[in-house]
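Remarks on the structure that follows.
By letter and in written order, the chains are A, B, C and D; residue numbering begins at 1 in each of them.
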Amino acid sequence: MAIEKMKPTAILLLHCPDQLGIISELTKFITDNNGNIVYLDQYVDREDGMFFMRIEWELENFLIPRDKIEDYLHTLYGQRYEMTFHLYFSDVRPRMAIFVSKMSHCLYDLLARWKAGEWNVDIPCIVSNHEDLRYVADQFGIPYYVWSIKKDHSNKAEVEEAEMKLLKEKKITFIVLARYMQIISDAMIAAYPHHIINIHHSFLPAFVGARPYHQAWERGVKIIGATSHYVTAELDAGPIIEQDVMRVSHKDTPTSLVLKGKDLEKIVLSRAVKKHIERKILTYNNKTIIFS
Amino acid sequence: MAIEKMKPTAILLLHCPDQLGIISELTKFITDNNGNIVYLDQYVDREDGMFFMRIEWELENFLIPRDKIEDYLHTLYGQRYEMTFHLYFSDVRPRMAIFVSKMSHCLYDLLARWKAGEWNVDIPCIVSNHEDLRYVADQFGIPYYVWSIKKDHSNKAEVEEAEMKLLKEKKITFIVLARYMQIISDAMIAAYPHHIINIHHSFLPAFVGARPYHQAWERGVKIIGATSHYVTAELDAGPIIEQDVMRVSHKDTPTSLVLKGKDLEKIVLSRAVKKHIERKILTYNNKTIIFS
Amino acid sequence: MAIEKMKPTAILLLHCPDQLGIISELTKFITDNNGNIVYLDQYVDREDGMFFMRIEWELENFLIPRDKIEDYLHTLYGQRYEMTFHLYFSDVRPRMAIFVSKMSHCLYDLLARWKAGEWNVDIPCIVSNHEDLRYVADQFGIPYYVWSIKKDHSNKAEVEEAEMKLLKEKKITFIVLARYMQIISDAMIAAYPHHIINIHHSFLPAFVGARPYHQAWERGVKIIGATSHYVTAELDAGPIIEQDVMRVSHKDTPTSLVLKGKDLEKIVLSRAVKKHIERKILTYNNKTIIFS
Amino acid sequence: MAIEKMKPTAILLLHCPDQLGIISELTKFITDNNGNIVYLDQYVDREDGMFFMRIEWELENFLIPRDKIEDYLHTLYGQRYEMTFHLYFSDVRPRMAIFVSKMSHCLYDLLARWKAGEWNVDIPCIVSNHEDLRYVADQFGIPYYVWSIKKDHSNKAEVEEAEMKLLKEKKITFIVLARYMQIISDAMIAAYPHHIINIHHSFLPAFVGARPYHQAWERGVKIIGATSHYVTAELDAGPIIEQDVMRVSHKDTPTSLVLKGKDLEKIVLSRAVKKHIERKILTYNNKTIIFS
C-alpha cells in the first residue's frame, strides 16, 4: 500500500450558504501559501442554497503551521461566510472502536482490510457484550473487552460508563457497530455525534427495527438490502451513508435471506467506514454528502 | 415474432399441500393422454408444506377435449390433493385494459411492446380520468375512454360503475394501472382479484402512499426503486410481482429522482405485465411465486 | 416540463493541462461580467495531468454578448492554458437525426421521451434502410427517409452522400444509431466526430461485432449488457458513454437474451442521448468524462 | 449453524437426453424405497434436447444401502436413458485446497465463512508460491505449504508434482484458486476436471489474461466485473459459475479499480465455492447449470 509513502496533506471539509467566489478565495488562499492542491470537489444544493466542499493540499512547504491553519480559516472565512468546517491531517490516523455481538462476518471484513493495509486507521479495541468473538480479536492481536448487558438492561448505564471510559483512554475518534445488536444510549451518541456508524440489515426506511429479514420475507419482497448510517437518537433514522441491494425470490426462506444478507451487510458497512476514514463524508440536514 | 406459429398449449398453474407423487401422477396423466409437455417447473415451500407447479403441454393430439380438461383435473386431483388450479390456453389471449392519468412513459412502454408483437395480449381499451393521453391512444388506434373523477370523489361510485360496465363489454381479463394515480374501489378489486397490476414508484414497503420520491429525497436514501404488485384492498400492500432499483446520490433533487424513476417504473411494470400475460405468476399468502 | 421556463444559459466545456488557478480565473471572469453561475463541476485526471470542467451561467445581464464570448475565451485563456473548449447555449437546441433499421424498441423509447418534453432537442428526421418503421415516424409526425443499401453495398457511397445532404439540409448536430445495423463510413464519422451515438447490444469490449447475444449464450455468461458509445473508425471501439447489465441464467436461450436485452439497449441508449443533449460529455483519449 | 443437525441425505445430479417420464420414474424409485425427497429441481435445455436434474433425499430409512445406490442407478437408468450422474452424500464433506499468492482478500473471505460454520467443507491445506500469507493460515490453524516457482518456470513441473502428491495425501476433492496468479498445468487440470475454481478479475470474456483492471481503465468502461469459472486447458475460457459487476466512472484510476474490484472478486468467488460445496452445479458443453 502506498498510504504510508504519500506526503502529508491537510483535508478541509466545509459547508456554508452558497456565495460567489468561495472556491476562488479558498484555492487562492491555499495556493498563495504554497499549498499544492491534490483534491477539490464541491457541491451546491440549489434547493437549500448551501455550498459544500472538500479540499486537500500537501502540507510540505505550506507556509502556515499546522496548528495555526484552523485559526486562519476561522478568522478569514468563518464568520464572513457563515462557514462550518472540519480540518483533518492525513497523517493523523482516525482511531476506530468496533462493537460486536455474536456474528463475525462484518468484523472479519473490517479486520481483513485493516490487516491488508487498505485503510489508514488504527483499531485500538473491540468491545462486545459477549465472549463469542474474542477468538477473532485474538487472531488479529487486538484487545477485546466484554461487558455483559443484562436482559433487563439494569446494568446498561454502568456498562456504557465503563465503555465511555475505555473509549476515552484509547482516544477513539469513531465507533463502528458491526452487527452490535444493542441500542446505543443518547449519552454515547451525544459524545460521538455523527461518528458512530451502524449497519442495518434492511433497505431503510423499509423494515426498521428487529428481524428485518423476517419482515422482508413476510412482505414477499423481490430485493433485499442493507444500509449503513450514522447513529442518531431516533432508531435507524440517522443520515444514510451507503446502501446496496440483492435480488431474491419466492424460493428464499428467512434463513437463506439472513445468509445472503451477510454479504451485503459487510460490504455496505466497509464502504461506509472507508468513506469515513478518508474524511469524504459531510452531514447536513440528516443526510450525507459523499465526496468521490 | 414466433408467437403465432407456436402450437396451442394448455397451461396449468396449481398449488396444494405437498405430497409425494404429485409430479409423477400429473406428468403421467398428461403423457398417457398424448400431451407433449413443453414446460414444467415446480416449487415446494417447505415452511408451509405447499407445492406449486406450472406445467404446459401441446393440445395437438391431446385425447381430452379442451372443455373437458378442467373437469378431469377436478375429478382426479381436486379433492384428493386439496388442489387449487387455474387452466389457460395459449391461443386464448388475455385482454388487458390500461388505466392512465397524465404521464405517458409507462403507457408508451406497454404499447410499444404490444405493437412490436412482443406480447400475446389484446388491448381493447385505455381508460383515464383525464383527456391528456388521448393522443397516445390515437397513435396506436386504441379506444380511449375518459371519466373525470371529481376532486371530492362525489361521482366516484358512478364512474367506477361505468368503468365496470365497459370492462365487462370488452371482456377484459386483467387491468394495468400505468401510473393511474387513483385509488381503486374495493368493488373493482373484488371483481378482478389479483388481476389488477399497479406500479408504485418506490421500493415497497418503503414510502407507501403519495409522493414517494419526495419522501425518498427527504430521507436521503442512496438507492431508489419501483415496485409492481397486485392491487388488494390495503393500499400498496398487495403481492409484489417485481422490483428494481437504481443508485442515486446527494446530488439528486426530487425532480431528478422523479425523472430517473420513470425508467424504473416502466421497466418494472412491463416485466410484471409480461409475467402475467405468460401465466407465470401464482399468488399465495399475499406473495407471488414467479415461474421462470 | 420546466425546460422552456428556465432562463437561457451558456454552457462551457473545456479541458487543458492542469494548472493552479484555472477555476479561480474562470469563475472570476464570469462573475465579474455579471454571469450568475448555476452549475460548476470539474475533474482532474492526475495520471495525465489534465483538467476538465463544465460551467454554466445565466446569459441574462451577462455583459459580453453571446457572439463575442468565444472570442473572449480564446483570447484570455485559449493559448495561455492550452485550453480546448466547446461553448453551447441552452436555448439553441441540438438537432438529432435517428437512424433505424427494423427494430422499434429504441426508436419508441427516444420518441416517447421527446414527445413527453423530457428532452431539450429537435428531431427533424428519421433515416432508415428499410420501410419497416415508417409507421412509427408517422405516429409522431416526423419525416422518414428510406435509402435501401444493397446487400453487396454497391450503392453505399451513393446512399451516404444522399444522407449527408439531408443531414446538412436539416442542420443536424448529432446522430443516434438506434439499432441501425449498418456500418457507418469513415466520411460520415469524420463529419460528425464524437457526435454519432451507437448502442451495441453487449457489454463491450466483450462480444464485438455481429450477434453478440448468441456469442454471450455460447460463452455461458451469467450477465448480459449493453453499451452506448460514440462511433469512431474502429468498429465498436469508440469512447463508451454508458453501460448497464442484467442477470441471466442457464435457462436463457439466444431468443430470450435478445428479448431481455432490448430493455437494456433502450435504457442505455436513452441515458447516453440525454447526457449528450445536456452537453455533459467530454471526450478525451478515446474515453468520456461524464458530468453529473 | 444447523448444518450438523440436518439428517444425512443423498444428492443426485444427472443429465441425459430429454425423454418422457424420467422425473416420474426417479421420484417413484426413491419414494418406493422409503426415501423422503427434500429437494427436486430440473431443467430442460430444449435447444439441445437435454434434461438436467438435482434431487436430494434423506438416507434415514432408505432401503438401499449407500454403497449400492450407484449400482442400482446404473442398472436401472444408466444405459436406458444414456444418463450421466454424480452421487454425493451430505455427510461426506468436500475437501477444499486453497491456492494463494500474495493478496489476502479472497483467502480471508473464504476462511471467515468456513470458521463461522457457513459451509459444510473441510480445508486441509493452503498452498502458495510465496510465504506472504502464511500468517493468515496460522491465524486459522491451517497447514500452509510453499513451493516457489522460479521466474523461468524451470521447476514448475517438479512443484506441481509435489503439489499433486500433497493433494492426494490430503484427499482433496476440489481446488480454489484465490487469486493464485499462476497458470495451472494441463496435468493438474486433468486430475481435477471441473473441480478447480478460479476467480478472474474481469467480466469475462472481456479482458482475458493479465492486468484486466488496467485493460478496463484503458478502454474506459463504465462497469467492471469479476468472474468465477472452472479451470480448463484454455486460459480463462472454462465454464462460468458466477459473475458480478460494479459501476465505475472516469474518476477511477487503475489503482482505485483494483481496490474496488477486490470486493467483487471475493464475493463472486465465495458464491461459486458455496454452490460447488452444495453440489448445485452441473457442467455441460462448457457451461454451468446452477440449481437454486
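As a working rule, a contact is a pair of C-beta atoms (placed from the backbone, for glycine too) under 8 Å apart; a residue touches a chain by one contact, two chains touch by 3 or more.
All figures in this text were calculated on a predicted structure; none of them were measured in a lab.
**Q** Go through the assembly and pull out the chains touching chain A as well as chain D.
**A** Neighbours common to chain A and chain D are B, C.
**Q** Report which interface contains more C-beta contacts, comparing A-C against C-D.
**A** Pair with the higher count of C-beta contacts: C-D.
**Q** For the copies chain A and chain B, give the interface type as same if over half of its residue numbers appear on both sides, and as different if under half do.
**A** Mostly same residues: over half of the interface numbers shared.
**Q** Need the most distant chain from chain B, centre defined as the mean of C-alpha atoms.
**A** A
**Q** Calculate how many whole Å lie between the centre of chain B and the centre of chain C, each centre taken as the average of the chain's C-alpha atoms.
**A** That pair's centroid distance is 36 Å.
**Q** Roughly how many whole angstrom separate the Cα centroids of chain C and chain D?
**A** Comparing mean C-alpha positions, chain D is 42 Å from chain C.
**Q** What whole-Å value do you get for the distance between chain A and chain C if each is reduced to the mean of its CA atoms?
**A** 38
**Q** Got the chain C residues that touch at least 2 other chains?
**A** Residues 46, 249, 251 of chain C each touch two or more of the other chains.
**Q** In their shared complex, at which residues does chain A touch chain B?
**A** It comes out as residues 43, 45-47, 203-207, 219-223, 225, 239-245, 249-251, 253, 285-290.
**Q** Contact residues on chain B for chain C in the complex?
**A** My answer: residues 103-105, 108-109, 112-113, 115-116, 118, 139-140, 249, 251, 255, 259, 263, 267, 270, 292.
**Q** Which residues of chain C touch chain A in their complex?
**A** 20-21, 23-24, 27-28, 31, 37-38, 40, 42, 44, 46, 247
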